[in-house]
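In what follows, chain A forms one complex with chain B and a second complex with chain C.
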Partner chain A sequence: MSAYFGDVAALARKDLLLELRARDTVPAMLLFVVSALVVFRFSLPTEASDLAATGLLWIAVVFTALLGLTRAFAAERDQRLLDGLVLAPCDRSAIWLAKGTSVLAFLVLAEAIALPAFALFFSPIGWETVAAFALADLGIAAVGTLLAAMAAASRARELLLPLLFLPLVIPIVVGGVGASVEPDPGRYLAFLGLYDLVFAILAWASFEYVVTE
Partner chain B sequence: MIVSARGLERRFGEKHALRGVDLELGERDLLVVTGANGSGKSTLLALLAGLLAPTRGELDVSVERGAIGFLAHEPLVYRELTAHENLELYGRLYRVPERRERIGMLLERYGLWEARHERVSAYSRGMAQRLALCRTLLHDPALLLLDEPFSALDEAGAAILDEELASLAGERALVLATHEPGRLIALATLELALA
Partner chain C sequence: MSLRNSAGPAAALGAFALLLGGIALAFLWVPNDADQGFSQRIFYIHVPVALTAYACFGWGAWKALRLLWTREQRYDLESYTAIHMGVIFGVLTLVTGSIWARISWGVWWSWSEQQLVLFLVLFLFYSAYFMLRYSTDPGPRRANMSAVYALFGVVLIPVSFLAIRLAKNFIHPVVFTRDGPQMEGTMFLTFCVCLAGVLALATALYQTELAGKRLDVKLRELRESLS
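Presenting the complex of A and B:
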């Protein structure tokens, strides 16, 4: 088990190092999410409620995550590096877990800017919204990493990833918005937790079949 | 036999990339695969590595995944990492014992020691090929699959590889795909010409 998590740590460290050097993903995500919030700020009527703004925040974060996911396997795809990783004798799910960890880190970083920006442009956010984003990030990283690997092997990857990803994150948006705006966020947070658990197990177990023939 | 294939065939859509290959490879054989561009050499190596599944026929490779060394057309190393970081990563994933010493020895042998902390993106094509050979040999594989190993190597690099292959021949199973078999034919125990 320690060898498995050692592999995950080595692969995740590699992804973070690549991003630190190439700066391909995080700056794009930050620019996108802040730009989207600025546009929403000026496009919403002045009498619009905070509820509508909260919904738009979730949309901005989902599309920011999609932007990050399109780049998640860029190095592996462009240089056929997935072949090198798949040939290694480590458990292939370690590749998914490591990539999911880096996707999660990038998303958290984007939200560290997006949530204060939202509070600045619209209204303050409570602990329940922060908790909902934390749970949603886990689900987005779990499902998104699996789908990004599938899309990376396809010629129509730019089309395929949104087509697969957006329907699957609808439950996350429903749970996230519910937890953010309803007076009793508990059941929405529980729903997000259940989604994370189910989809993390499914993605972990099926990743091997996505990256091999 | 370490590799056994009967009627091996691979199609990509309607296109036959490889058809009707029979093959028996012993633990100490060196097989040279020749053929023109598009004859299926790389496809055969990818099948033997387990990266592709045959469309038809039988293929039995009796070594574990981690005991295969595969040199592909691409070097399969991260361009934004240094040579040392790439080999550290693969060494970790392949559970290479005494990793640091093994990496140092290979980098030294292939003339990359001085450039070990440079990013691969700054390497010439020949240096990247040398690094790819280091990656392929890192875990001391029982079955080596080398696709055009002399590609992009200068005379010095080719001489190092000649020496390496001469020392490996007769020690383990090697499959080399090339359209210039001249310098390998003396070492070969088997030949396969793909049409």
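Presenting the complex of A and C:
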């Protein structure tokens, strides 16, 4: 068991180190999420309510996550690293867990900028929105990492990932926006937790089949 | 493996007889709905089609699970064909539901109509399934990825259902409750005949499509071995 988590830690460390040295993904995600919020500010009519803006914040974060996910397996694909990882004597689901961890870290960093920026540009946000984002990030990272591995193996690549990802993310948006704007956030947060649990188990169990023949 | 089978024609004949009988019962025998009148009779097509779409998605996911379990490649084609049928019946559900919504509530589309919204989500999801298949090279890897995606779909159905239920106040009539079907015996019988008919139709289409696709694969193999 500790060997398993040792593999995960080593793989995740590799991804984070790569990002720290090359700075390929995170700066782009940060710039994208702030640009998206500014565009949304101008796309809303002046008398639009803060509730509508909260919905747009969720869209901005989902698309930022998509941006990060399209890059998630770029290094593996360009340098044929995935074949090597699959051949390595470690459980294949460790690859998923490690990649999911780095995707989660990038997404949390992007939100650390996006949420204060939203509070500055639009309206202050409460604890329930932060909790909803924390839960949603887990689900996005779990499902997104698996789908990114699928998309990386296809010819269409960047084109395919949004098509695979967006229908699966609809329940997250429902739960997240509900938790942010409804007076009773508890059941929406519980729903997000349920989504995370179900899809994390499914993705963890099925990742091996996506990267092997 | 024989390319000819007798299940297809038998299912087609059964579908023809049952659907003819079901439509006759729906138009001539059952009484008008007390609340919605004559237009409620679309129920006898709309709901069986929707249930058949679910059955096709479930069947596709079951075949996908068998593929991952046994690694037998023939399940790939079966899972793909079942999902193909599911999408066709899903589109039919969207169309018939839309017509019913127009007559009952005066709008073609209503976001508070949870089943319609669910079918829209599923339609988008399974359309992406086709994109995934078309943009990946044939082989065991594609079979595995399609199977995993099909399994995600069958999990997405209850999760989306819960999400939509959470999000909307709905006006969709609920006929099947925990106390059993809330309708008269004649209506329920007609409904069952129609459901059996649509399921038989789906089976016939599935068998035909599967035979065609197998023939396609066989032809490609023969061509490759000739050249």
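Here are some notes:
We take it that the second predicted complex is superposed on the first by the 213 of 213 C-alpha atoms of A that agree within 3 Å, B and C clash if a C-alpha of one lies under 4 Å from a C-alpha of the other, contacts with A are read in each partner's own complex, and residues count from 1 in each chain.
Please note the rule applied: contacts are C-beta pairs under 8 Å (C-beta built on N, C-alpha and C of every residue); 3 or more make two chains touch, one makes a residue touch a chain.
In this text the structure is predicted, and so the values were computed from the model without any measurement.
After superposition on chain A, the partners chain B and chain C are accommodated together without colliding. Of the two partner chains, neither chain B nor chain C is touched by A:48.
Chain centres taken from Cα atoms put the angle at chain A, between chain B and chain C, at 90 degrees to the nearest 10.
Of the two partner chains, chain B is the only one that A:83 touches; chain C does not reach it. In the superposition on chain A, A:18 makes contact with chain B only, not with chain C. By the touch criterion defined above, A:198 reaches chain C but does not reach chain B. Contact with chain B, but none with chain C, is seen for A:3 once the two complexes are overlaid on the shared chain.
In the superposition on chain A, no contact is made by A:38 with either chain B or chain C. If you count the residues of chain A touched by chain B and by chain C, you find the higher number for C.
In the superposition on chain A, A:213 makes contact with both chain B and chain C. In the superposed model, A:119 makes contact with neither chain B nor chain C.
When the two structures are aligned on the shared chain, A:154 is found in touch with chain C, with no touch to chain B. Superposition on chain A places chain B within reach of chain C only down to 6 Å, the least C-alpha distance between them. Of the residues of chain A, those at positions 212-213 touch chain B in one of the two structures and chain C in the other.
Touching chain A in their complex are the following residues of chain C: 68, 121-122, 124-125, 127-128, 131-132, 135-137, 139-141, 144-145, 147-149, 151-152, 155-156, 159-160, 162-164, 166-167.
Across the complex, chain A meets chain C through its residues 143, 146, 150, 153-156, 159-160, 163-164, 166-168, 170-171, 174-175, 178, 187-188, 191, 194-195, 198-199, 202, 206, 209-210, 212-213.
Taken in their complex, chain A has these residues touching chain B: 3, 6-7, 10-11, 14, 17-18, 21-22, 75, 79-81, 83-90, 212-213. Contact residues on chain B toward chain A in their complex (touch as defined above): 49-53, 64-66, 68, 70, 72, 74-81, 85, 88-90, 92-95, 119, 135.
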